[in-house]
Every structure is written in C-alpha cells, then in structure tokens.
Amino acid sequence: MTVLPAQLTSSLSDVAEGYRRHSDAISRGVLWFLIALLFSWAAIFETDLFIAGLIVGSVLALGAIGLTLIYGILGFANFAHGDTMMLGAYMAFFFLTGTVVGKRTNIDVDLGWSIDRLPGATAGLGDLSFGWGLLLAIALAAIVLAVFSVGLDRVVYRPLRRRGSGIVIFAMAALGIAFSIRALMLIIWGPDPRRYVQGLHYANEYPFGVVLKTDQIFIFLVALGLAAVMYYVLFHTKLGKAMRAMADNPDLALVSGINTTRIVMWTWVFAGGLMAIAGALLSIQALLRPILGFELILPLFAATILGGIGKPQGAFIGALVVGVAQESSIQFLRSVGFEDLSIGYKPAVAFVILILILLLRPRGLFGTAT
Amino acid sequence: MRFERMLTPLVLLTVTGLLVGTTLERSRSLDGTINFLAFFATTAAIYAVFSLALNVQWGYTGIFNFGVAAFFLVGAYTAAIFVKPPADPESSVRYVGGFGEVFSPPFLGGDQWVPFLVAMLAAAIASGLLAFLLAIPTLRLREDYLAITTIGIAELLRRIVIQEDYLVNGSRSLIGIPKPFSGYFEADTNRFVYLAVVVVVLIVVFLLVERVIRSPWGRVLRALKEDEIATAASGKNVFAFKMQGFILGAMFMGVGGAVFAFSRGSIGPTTFDHFFATFLIWAMLIVGGSGNNWGAIAGAYVVWGIFTITLNLQLYDLPSLIESRISFIRDFLLGLLIVAILLLRPQGLIPEERRVSIWLDRRMRKSTPGDPAATNTSEP
Amino acid sequence: MTFALEATGLVAGYGEAEILHSVSVTVADGEMVAIIGPNGAGKSTLLKAVFGLLPARAGEVRLGSEDVTNHTPDRIVAAGMSYVPQVENVFPSLSINENLEMGAFIRRDGLPERLERVYEMFPDLTSRRRDAAGKLSGGQRQMLALARALMLDPTVLLLDEPSAGLSPKMVHIIFKKILEINKAGTAVLLVEQNAREALSFSQRGYVLVAGENRLEGDAAGLIDNEEVGRLYLGES
C-alpha cells in the first residue's frame, strides 16, 4: 500500500465524510418527502382509507417496536414475531372463552372456567362491542407472553449467543419457533377462524365520509397510548435508555458497565407484552386464524427497516406508513390508470415498500451512518 | 466419539426401518409397498435436488434464502406451461404458453422427452432470472435482508398466481401436466420410469454441484462465506461471486420445481406453501448438515422419511385426540427439531468437510483485536 | 509500592489460538503507562483480558487490593476501572447527555453532579448536550468516549488507540486531554500505534512483541532506546 502523507489522508477522509453526509441527507429528505406525499394524498382524497390505515398502522407499530428492539439489541431478525403475536391473540381468546378444540379439531370443548362467565364481563362498554372481560383477557395474555418470551430467550437464544452463533442461525431458530408456534395454535384451537365477540356491530358516520366502529377508535387510542408509554420508557427512564444504547452498540454497552443480561430480559418482557396486545387488538377488528401470523411478518419488517433497525421511534412511523400505504395504495393506483388492480394485492404493498427502502436508503429513516 | 460415528447410520437405519415397516403394515401387500416406496423415493429425490440447490446458496456461498418457495413456484409453473399443449379456449382451464407441441420433434419419440428437457432449461432460466432481479437490491446489504425479501417475493408470487388467473389458472390447480415417456408405458410402470428420471436428474445436479464447488470458482465462494472482507481484499468481486452463487442455486431450484410439476401432474398456489416449499427444505439441509452435499441428500431422505412415517401412522388406531391433528403435531415437532439441532448439533448428520467448526471461526473473527466489524457480543 | 493496576502472567486468546503468553503489566497510582509494539503483538487483546472481555486462561488482574480476574465488565467498572474501545466508542443515536448517563449506569445516585464534573472537564461538549453523538466529528467523538469513561471517576482508565483515525493536530489535542485526566489523579494504561506521541506523554512504557513482554522502562529511556527507535518509531 502506498503511504500517503498524513495531511492528505485526513483531508481526503474529510471530503469523503462530507460527501457521505450530503448523500445521506438527500436520501433521508427524499424518503420524508415521499411519506409526506403519501399521507397528504391519502388524507385529502381517501380520508376513510387514511384513517383505517392509521388504525392498522398504530397496532402494527406495537409489534414493530418490539421487533426493532430485538433486532437492534440482540442483532437478529425475529421471524417468529408475527406468529407470537397471533399466539397472544389466541391466549386472550382462551382466557376470555375457555375454549379449545377437543378430540376432533372441528369440535370445541369448553374448559368450564373463563372470564366471560364472570358477571357483566361481556356487556359492551359504552358503544364498544366487548366488555371489560376482553380487556382483562388481553392483559393476562400480555403477562403470559412476556414470561414466555423471556423463557424462550433463556432456552434458545441465550445459548446461541453464548456460542457466538451468526445472525443466520438465530433467524433460522426463530423460523423453527415460528412454525412450532403456528402448529401449536392449530393443535390447541384448530384451523377454523375464531372471533372474540359474536354478532354484528354497526359503524358510525363521521365528517369527511369517515365511517368507523367505536371499536376501531378504541383500538387506535389504546395503541397510541401504549406507544406513548413506550416512548416514555425508552427516552426518559434509565432502563429504556440502556435498551437504546444496547441497540446502538451492544459491545460498548457491556463495556460501559450496563448489565446487558438484565437489559435483554426486559427487552423480551416489553416485546412479549406488546406482541400479545398488538395481536389481540388486530383480532378485535378481524378474525383470528393461525396462519395470519406469518402474513404479519412482511409489514412488520417493512416498518422496522423503514424506520431503521433498533430505532423504536422509526418503527412507529414506519408502521403508520405501512398501514396507510396498505389501505390506500391500491385505490391510488386505480385512480392513476390501473383500474383493474385487485384488492387482493394489499398484502404486497409491504413488500414493495421493503424493496423501495432497500434500494433508496437501506439504513432507514432514523438509521445512523456507521 | 463412538456415538458420534454411530449417529448417522443409526438415524438412517431407524428411518428406513420405520418407513418400510409402516408402509408394509399399511398396504398389506408387497406390490403396494413397492409402489408406495417408489412414490416416496421420487418425492425424496426431488426434495434432495432442492436441498442441494439450497446448499449451493447457503452451505457454500452463505446466502440466506428464506423464500425457496418462490423459486420452486417459478420453476414448477414455467415447466408446466412448457410441456402442456396450448390452452383449450373452450375449457375453463386457462393458462399462457402451452409450448409442449412446439418443442416436440417428430422423430425418435421426441415428444416424449425433448419438451421436458426444454421445460427444465426454461424453469432453470426463469428461476435464475428471478434470483438476479432479487439480488440487485439486497445482495450488497446485510445477509438477513435477503431472507426478508425472499419471504416477501414468495408471498407476492403466490398472490400474482391467484389474482392473475389467466396466467396459470389462478387459485384452482393447473392440471394435466404430463410425465416424460408416459406414452411408452402403463401408468404403473411409468411410476418407476419417472423415479429413474428423477434419480438421473438428482445425480446430474449432484455431480454438477460437486464439480463446481471444487473448481477455483467454488473455492472463491467458500472463501467468501468464511471471510467476505478478506476475500474482497484479495481482489475478488464479492458481489459478482455472491450473485453467481445465488443464481446457480436458484437455477437448480427451478429444475427441482420442474421435476416436481411432472411428478405431481397438477400444481396450485397452495402447493407452494412456506412450510412445504421453504421450511421443509431448510430443515432437510440443517438436519443433514449444510456445506456437505451428501448431508443435503441424507437430510432430504431423513426429513421426508419422518414425514411419510407420520402419514403412515394415521392408519393405526391412534387415539382420536392425536390422530385428528397428527399433521399439526408433526409440524410442531419438526420446528422444535430444527431448534434442537441448531442448539445441540449445529453441524447436522454429516458435518462440513472442515476441521474447525465455522461457528468457532466466526467468533474468532468477530472479536479479533482492532477489527472494526467487531459487534454483537451482547453478553460475556 | 502499591499499584493501581497489576496484571501478572496473563494468558489469553481466541478459540484455539493463544495470543498472550504470560504478559505482566503494572500501573502505579496516578501513573500514565503506554504499551507499544508491532501490529498483532496482542496489545488490544491485553486490554480486553484485563477488562474481563476475554477470559484470562492463566494469570491474575488486581485493581488496588481487589482481585478482578475474569470478573464481568459491570463488576470491573464498579471496582473502579473504565475502558474506551478503539472504534465505535460512542452510542451514535443517543444524545451526548444520554451517552454520559450510560457511563454511570451502575450508579443510582449523584448523576447531576457527575455530569456537571465531566462537562467541566470537556467544555466543548456542554453546548451540545442534546445532540445525537452520531453527529459529532471524529475528535469530538473521542472526547465524548473519554468523558463517558470518566463518569464514575475511575482509578484506572484503559485506552485502546485513542489516536486512531484522527488528524495529527487532533491527536495532539487528545493526548493533552489524556494527560490532563491523568494529572487529575486517574491512572492511565494506553495502547498505541502512535508510539512516539504516546511515550512522550507517558511516564513509563512497555514493548509487547508476539504476545510477550519485550522491554519495559521509563518512557524517555524507551524513546532513546536504539531497538525501539528502529523498530517502532520509524527511525532508520
């Protein structure tokens, strides 16, 4: 290697640094601009879909915050995240109704104890389709999944960490767990769709042609509230700051004297709890089906990578973008000439976002240059 | 040490014994057993082609393809429209292509094999092209981005098949895919002829992979898997080599999809489920031992063997609690098996042909003093 | 004589490879000691073994009177030793304030006073408390890394190549800052490629070759030493 005079090398690196910062700012600007464009178009021309997208996005965000923290802190893609969310939804169903399938997978068995037997547990709260029983069931499911996630880390991921396995081995283990969880749901609750509440529920009309069920407003508020709690934890408590620090640089966290084992445990506690709540909130709006978990993977990862790995605030915004895009972009494409485009492509939107972000700015909105 | 050497033969023997035993019990005749085992062997050999193909990508190049289903699907459908006659406008079965007659030379019984060779080639090219397109945005980035993207493309392709029902008959199955040499033999005999065809394809793929891996090009690939930075430093174009490894593996997957389509005679979008078309193949490679072609084949045999044995179990008088969900229980255990192998025996049945374990190697590289890439040792 | 840090007969390595073969280093209270040596001599490995990041297969590390051999980093930090890695030594997405706060993670009390004290030593950082560390220049990052390591007022500070990647002017500023820290009472053990600069600021030095102690002595003597000069100071 040729030896350059020290001054020349340093000024060269200054130029390179300047260029990098410049292009960094441009790609970030372009990304924010595209997002602003999407949001304002959707808000003005498809207000109804925009609101629906925000609601879905806010729930996705709860899953994506956990996913991005695990991704940043433990450094691997948790492909079991979607299936674990569904497991949380089913746990809430189980606590609420006490139902599992019996000898045959199409015959239900009632275990004889459940929250919905408690007096008044299913009476609709105000205009909502469900009562406090479901809320209690979701809370229990969150606790169970928090414990489950910590346990899974102890049994599977921690031994892999100790051995210094590569990220691919972690991802593979996560995929194995994902399929096991899905099979477990099929074993316990069967393949037929479930719902928390029977019967029809009507939507109300709001200004600008927005039609919403009160359930949806509730879901949105709960999701935003929890995101706010997570914001407080991550940005204003020592534990949360240490989690962000570890997501930035686990080695330096260790060297700084941070008890990384404890931080990892708390990460799984939060991620597990959020997964259960997010899964259950999604299922209030739709049916519960074991296979839905795998379909959540793409939107969750699109949101996480869009926001920047390890950046919870990024995951939140990324999830809103994915939600709004998913709900409104088919309509958008129809309006610009693809009249025949099928609504069946909705799930493909997350994939398109993923490819775009990988081409444009793989480190995401909030990702820092390294 | 003794146990180590005994493990692989023990597993192979147990699986074979249970397989033959349960099949005999199930069909209660020698003919039936042989027919069933021929069908088993055909499917296992097809899966072995996929396992070898994945080994090229993951075992030798370190490319993390979680969307094998996408290449499986493209290969199978491409092959199907290359061997089928043109779609009948009167019929409700719609599909594009139908080049079967185009590539049937009117001599030497050409219609019995030429279209199939053309179809396999077309499947390989289509699948390789898909790999090329996917590689452009992802191959330069961290390795798990490719995993996420390939999961996505598998899902997207399945949706396209369903939505654009004029392409390959939508969510209904595309039926009537012929088998090679089927004009010469009775259906019963042709089962064995087709097994022979698949075995020949497997042997050809195996020899090709072995040859390629031992070539100078293959050595670069393996060096790349061990240490990308060092390989780049020695003047190799890392991106190009990874791209080539990815495309080569995808082309073999296309061939696998083609022989699968001929074997089944009918394919639909549900055939290319993530579980059957991706996870199972990963399970095979991990059980067998990635980085070793014999391991890839052994893994396909063992995993598909376990699969078939559980199918056979349904004929016994199991408690209905278990019987009604035996396939779910099997999937559950298979998922756990993968995790257990990663934890307890990451090298699989037949380890990579190297002395030092690659995990040890990785850790060393990770924490080499002054290495700027040193990250992710989150716990002491 | 009491030592702030005393490492004796350390053996350590990665996997099957042994990199340090019985290395001994001492740092007296308030002393500044430089470790120099060719690439691959095991300098960084030595710091990692001292700090418990790499298991010591033999030997002992004492911090004052306390045996900290193979303790986890959080216990070593609590015992009064801090470490600044060579690269990636700040948390880029955390603010400067939060970076410093992480330096005092193990302590529940006295955070405002600790911050105050460190900001006084590094006035340049004060005005940018709320900025993300990722926005800092190379020299400022190095300052922040030092500041983070000083949050608990350690008795011993381990520095891995503090001058790496900096311009010559910045190298000088950083070394002056390190000297200032040292003058304030913190013993410093630093590993350097930039041997001349390191020795000129230190009181004593060690020359490490192939994982073994080669030479040791006071810094001025080492600079004048013919062999050291020829091999590591770029003199012909």
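So that you can tell them apart, the chains are marked A, B and C in the order they are listed, and the count of residues begins at 1 in each.
One rule holds for everything that comes next: contacts are C-beta pairs under 8 Å (C-beta built on N, C-alpha and C of every residue); 3 or more make two chains touch, one makes a residue touch a chain.
This structure is a prediction, so every number in the text was calculated from the model and none was measured.
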{"item": "Centrality ranking, top chain (CA atoms only)", "value": "A"}
{"item": "Chain pair bearing the highest count of C-beta contacts", "value": "A-B"}
{"item": "Centroid distance [mean C-alpha coordinates] between chain C and chain B, Å", "value": "52"}
{"item": "Length of the line joining the C-alpha centres of chain A and chain C, rounded to whole Å", "value": "41"}
{"item": "Separation of mean Cα positions, chain B and chain A [Å, integer]", "value": "31"}
{"item": "Shared-contact residues (touching 2 or more other chains) in chain C", "value": "53, 73, 88"}
{"item": "Shared-contact residues (touching 2 or more other chains) in chain B", "value": "363, 375, 380"}
{"item": "Junction residues of chain A, two or more chains touched", "value": "249, 251, 253-254"}
{"item": "Complex interface listing, chain B residues touching chain A", "value": "58, 62, 64, 66, 137-138, 141-145, 147-149, 151-153, 155-156, 159, 162-163, 274-275, 279, 282-283, 286, 320-321, 324-325, 328-329, 331-332, 334-339, 342-343, 346, 359, 362-363, 366, 374-380"}
{"item": "Residue ranges of chain A touching chain C (in the complex, touch as defined)", "value": "6-7, 10, 13, 238, 241-242, 244-245, 247-249, 251-259, 310-311, 366, 368-370"}
{"item": "Chain A to chain B touching residues, read off their complex", "value": "73-77, 79, 102-105, 156, 158-169, 171-173, 175-184, 186-187, 246, 249-251, 253-254, 260-261, 264, 294-295, 297-298, 301, 305, 342, 344-345, 347-348, 350-351, 354-355, 358-359, 362"}
{"item": "Chain A-facing residues of chain C, complex", "value": "51, 53, 73-74, 76-78, 83, 85, 88-94, 98-99, 101-103, 105-106, 132, 134, 148, 152, 165, 167-168"}
